[in-house]
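These notes open a run of structures that come right after.
What follows is a pair of complexes built around chain A, which joins chain B in one and chain C in the other.
So, the complex of A and B:
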């Protein structure tokens, strides 16, 4: 993934302008024109339109949220990211939503996650695509309506040591893997790891004969415990191929965890796993 | 990505030609002002980076007072330990010493461990209590293993499940285990995520293990559990494995549940991210790594565990007057290779001398070639050239390349010969070792 933003935009054929691409176009102009207006005192990332709209004038706090990713990465096609937010995760006081943005990507949206008290811990890990060196932003909103933010700069170097095969074994498509701890302590959160085989086609690539390969992604993920939502997530095209998502669940009693993924074609994958509380 | 890949394949031929022809290890110009570089330079670590630095400092500016600190009297290279494991090279051919540095170049070689660095007072303290002062310090301590990174894998576990990523007793242990393995046994190598020492190293290692098994234990199986979804020279390794070893080697990438999170060295078992347990007869765990511990003591490493450096000189970004080279650096996109540690040393020597002489540092440029052997007669190569651009390191656009796929046996053999030639050449350049193989 090389090349700068505007060149990438020019390559997109005008005939098939999808919603995502319109967003890209507006995004870029906002980035360029945003400087020097009334919000000039704010950090550049706060002036990005999608973030401005979410914050709607609110001042995010910076201490209770931690965004972790490497400061330098050799492989922008799969960069490990972890976000952890301090919160009691009770009905009255919990983190409701988490947003991840990569400001230098053709479209900045990476992921939105909704948590519930059943998550027990507002933390996730995933892997993302970074087009170039840039700023990654994690933004979260609590049930009180407070905003939390953390920001990291990442340098992406292109390494001649990494050659990557783009072809994808279709028989594996939408195959899932899940790891649930063998047992839980009542009300204590523990990690659940999930992965689904999928190329997460960005819509920005062309095939061998230079025809654009249409966007094709897994767009959502949901986890329910006996019918009650634990986390739900909206995935965007810059989530790395074979989307990985680690989240937490804090069950009060034994039950069944049901996980489902949906592709943008409407195709679904679903698995269930037993949750045992001692 | 497809596009750039096919370009790099076409470019590659050209590059390999250059790399093969340039035995120009010693061809570094002595700047006119070298004589006015005076002062005391201490170098920590007598490996590829440090020994080169000490030698070239004295070679270019004999009036400098140069001390090399290295605990071992005999240095064993990582390069070609895989060949030793595969039974195609005697261990002693990987041994080098410091006679030339001491006797020909007048480097003071102190066989001690550097225990601490006080950059404010400009001193380094040795394990025996000696305190050395310096005007400039060069650190090339290589790597240390992160014993806290993989559950169950600590130093005592490595006595049952060796890493053999720092050569010596560990290399011998792994070789003994391989020799003791029964025909039909399973050899498992656990490979780490980036960055780590020698990106193609794990893949060359399983190639050499397969080479040994093919003749001695043909029913054996080799499983490579990887924390990555892509690796250096992947297509070339995959092609070479198939052609030479059929299905003996199986690679499992991260998305196929190859990422190991837990090691049970007593039972020779590993457990992956999604809970699959694999049982080995010989278990080779290459754990995550960081800069050698002295980098922490000197304050040059950061939260990543590696030492960030100024691109032009490799002076620490955190501690002025201290230069860091080799594997310990955070120098992406450069891979952590002996080839590059040697070139970095030569560039940094020039920067240090210039600094001492009050001259601007010359414009640096770095080249790298990583050879890997799939069989003793089947070599593959990745090469790259690096430069400073906008104050950061980058690969010169269009410079990188790998060997072509579908090449002839003659071509592969030629590259295997280049690899052996490179080893002989660099051993001579760094330690003055007359080659034997």
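So, the complex of A and C:
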């Protein structure tokens, strides 16, 4: 508008701007601007530096990966999330890494998982913390170097009614629970559920007297079958308290599944479970 | 079937039974209180006491055997609002008298052809959602925080420091007292079918606890421990109808669906299905106002006549007692303010 007004002051002969012309010009420029924006529309992750660094210019495919989250949740402190990626999971063609990001959290990183052909299926479930309504992104890299991505918007409403205790019984800390199927079929993947009791202190909270509570999280998880890695995971502070992780394993023969968690203090928890192949 | 599907289907069956029995026995807190206070007819009110006695004894048995961890339920949380519990109860009680039926009764009425419920239910559900997660939610949370108190224990037996045998004796005396008042003093013994209906409804409360707290107690994905309640579940059912592709139904939603189906089947089988509607705009306004008050009040008090009145009290929770006292006060107030002047309602 200011541009139009200054031109009017120039009084160029024959170019007097009627009200109608101004309206038409404004509409055209708005349309052009809109069209410009539409062509420049970018995927939500492109605004996030960590993701840009990972992708390094690559254009992710959107079809073979499925990110599953509730559209609306009343409890942002623990939101169930599942990622499933279509892949043969052979030595030549498998998913190597999976990254989860919550773009609206104080720090976007949620989880980084490394799969192996021994996983049998590139899928995980966990529970995450979401600060507010926002976009969650799953990004995966295959052994061919291709990138896959899926995006979900989640609306987080204020917590319903349940108040949560802020104290954690210290004798339960680092206690683990594991559920492995009673028997496997050779080479077929099946679900393993794991959970470790841990507050996953973000370092962002203060206690009753306003002193910051230091960050204290479980930072990594590893699953090995007879010494061979199945999945390894790097956990960030927005993984919900008592980290839950569901992964898959496709054993060729009976063996021993060994699971270990490591806290950022260096403390470890370890547990083994028998895998029986019929 | 996963444990979650088992919980959902069990919820549907519990709702089905509740709907059928409540339709057949005309179980209704609002109606019972109104007939008792206004017409001096305690028959339906006595049934409420029998249901409460059965709910308390069944739930306390589950607790004693350690089958359900009631302490993780909403009713036995360590802190509560001394203001919102009774205030929400008063709003709910007043609204239920205006709308002539609480949440569960309105579901049963809808399934037997009462179109008035089509005003009351959305008003209740949206009123509750507005208060729980909508525009009123920040106010609710601020008020809750400002008025929150932490008693030494949320359960009455713990508050009284009862020993284990003392706990058993107190529950026995309470249950026998309720039964004596209902059966002898209020003469319910003359109506065996009413007793049977109330006993069945009372039994569904521990059944609900067992489903969510025992079948649903998975190490990795535990289901919230709850039993029958109708305010938040009616709101959640409306949410679910709108957003089912993006959210999962919970126990409460399948209970609501079950109640509708059960009551419809019972009404059809008993030839009691009749289309009914409003007599006047004033009638419609009373229902609308009553529905909104029930929704807002029920959200503030964390439950309704069933949710706090049966389920909450069955845990012997002190805050539930406050909410129920609020509901009774609100209902009484509504009877005093409105019942004498409502035309066409002969007083006994």
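Here is the rule we go by: the second predicted complex is superposed on the first by the 236 of 278 C-alpha atoms of A that agree within 3 Å, B and C clash if a C-alpha of one lies under 4 Å from a C-alpha of the other, contacts with A are read in each partner's own complex, and residues count from 1 in each chain.
Keep in mind that, in the parts below, contacts are C-beta pairs under 8 Å (C-beta built on N, C-alpha and C of every residue); 3 or more make two chains touch, one makes a residue touch a chain.
Because the structure is a prediction, the values reported are computed rather than measured.
Trainee: After the overlay on chain A, what do you see for chain B versus chain C, clash or fit?
Mentor: clash
Trainee: Go through the superposed model and pick first if A:208 touches only chain B, second if only chain C, both, or neither.
Mentor: In the superposition, A:208 touches chain B alone.
Trainee: For A:157, decide between first (touching chain B), second (touching chain C), both and neither.
Mentor: Both partners, chain B and chain C.
Trainee: Quick one: is A:177 in contact with chain B, with chain C, with both, or with neither? Answer first, second, both or neither.
Mentor: A:177 sits against chain B and chain C alike.
Trainee: Does the superposition put A:71 against chain B (first), chain C (second), both, or neither?
Mentor: It touches chain B and chain C both.
Trainee: Pick one for A:195: touches chain B only (first), chain C only (second), both, or neither.
Mentor: Touch status of A:195: both partners.
Trainee: Have a look and say if chain B or chain C is in touch with more residues of chain A.
Mentor: The partner making contact with more of chain A's residues is B.
Trainee: Mind working out whether A:241 is in touch with chain B, chain C, both or neither, as first, second, both or neither?
Mentor: In the superposition, A:241 touches chain B alone.
Trainee: Do chain B and chain C land on any of the same chain A residues, and which?
Mentor: 70-74, 80, 157-158, 160-163, 165, 177, 179, 193, 195, 244
Trainee: Contact residues on chain C for chain A in the complex?
Mentor: Chain C residues touching chain A: 74, 77-79, 132-133, 137-138, 141, 219-221, 224, 232, 239, 243, 245-248, 302.
Trainee: What residues of chain A sit close enough to touch chain B in their complex?
Mentor: 1-2, 70-75, 77-78, 80, 155, 157-166, 177-179, 193, 195, 197, 205, 208, 241-242, 244
Trainee: With touch defined as at the start, can you tell me which chain B residues reach chain A in the complex?
Mentor: 1-2, 4-5, 8, 193-195, 199-200, 228-235, 255, 257, 273-275, 302-304, 330, 332-333, 335, 370, 382-384, 392-395, 399-402
Trainee: Could you list, by residue number, the parts of chain A that touch chain C in their complex?
Mentor: The touching residues are 70-74, 80, 157-158, 160-163, 165, 177, 179, 193, 195, 244, 246.
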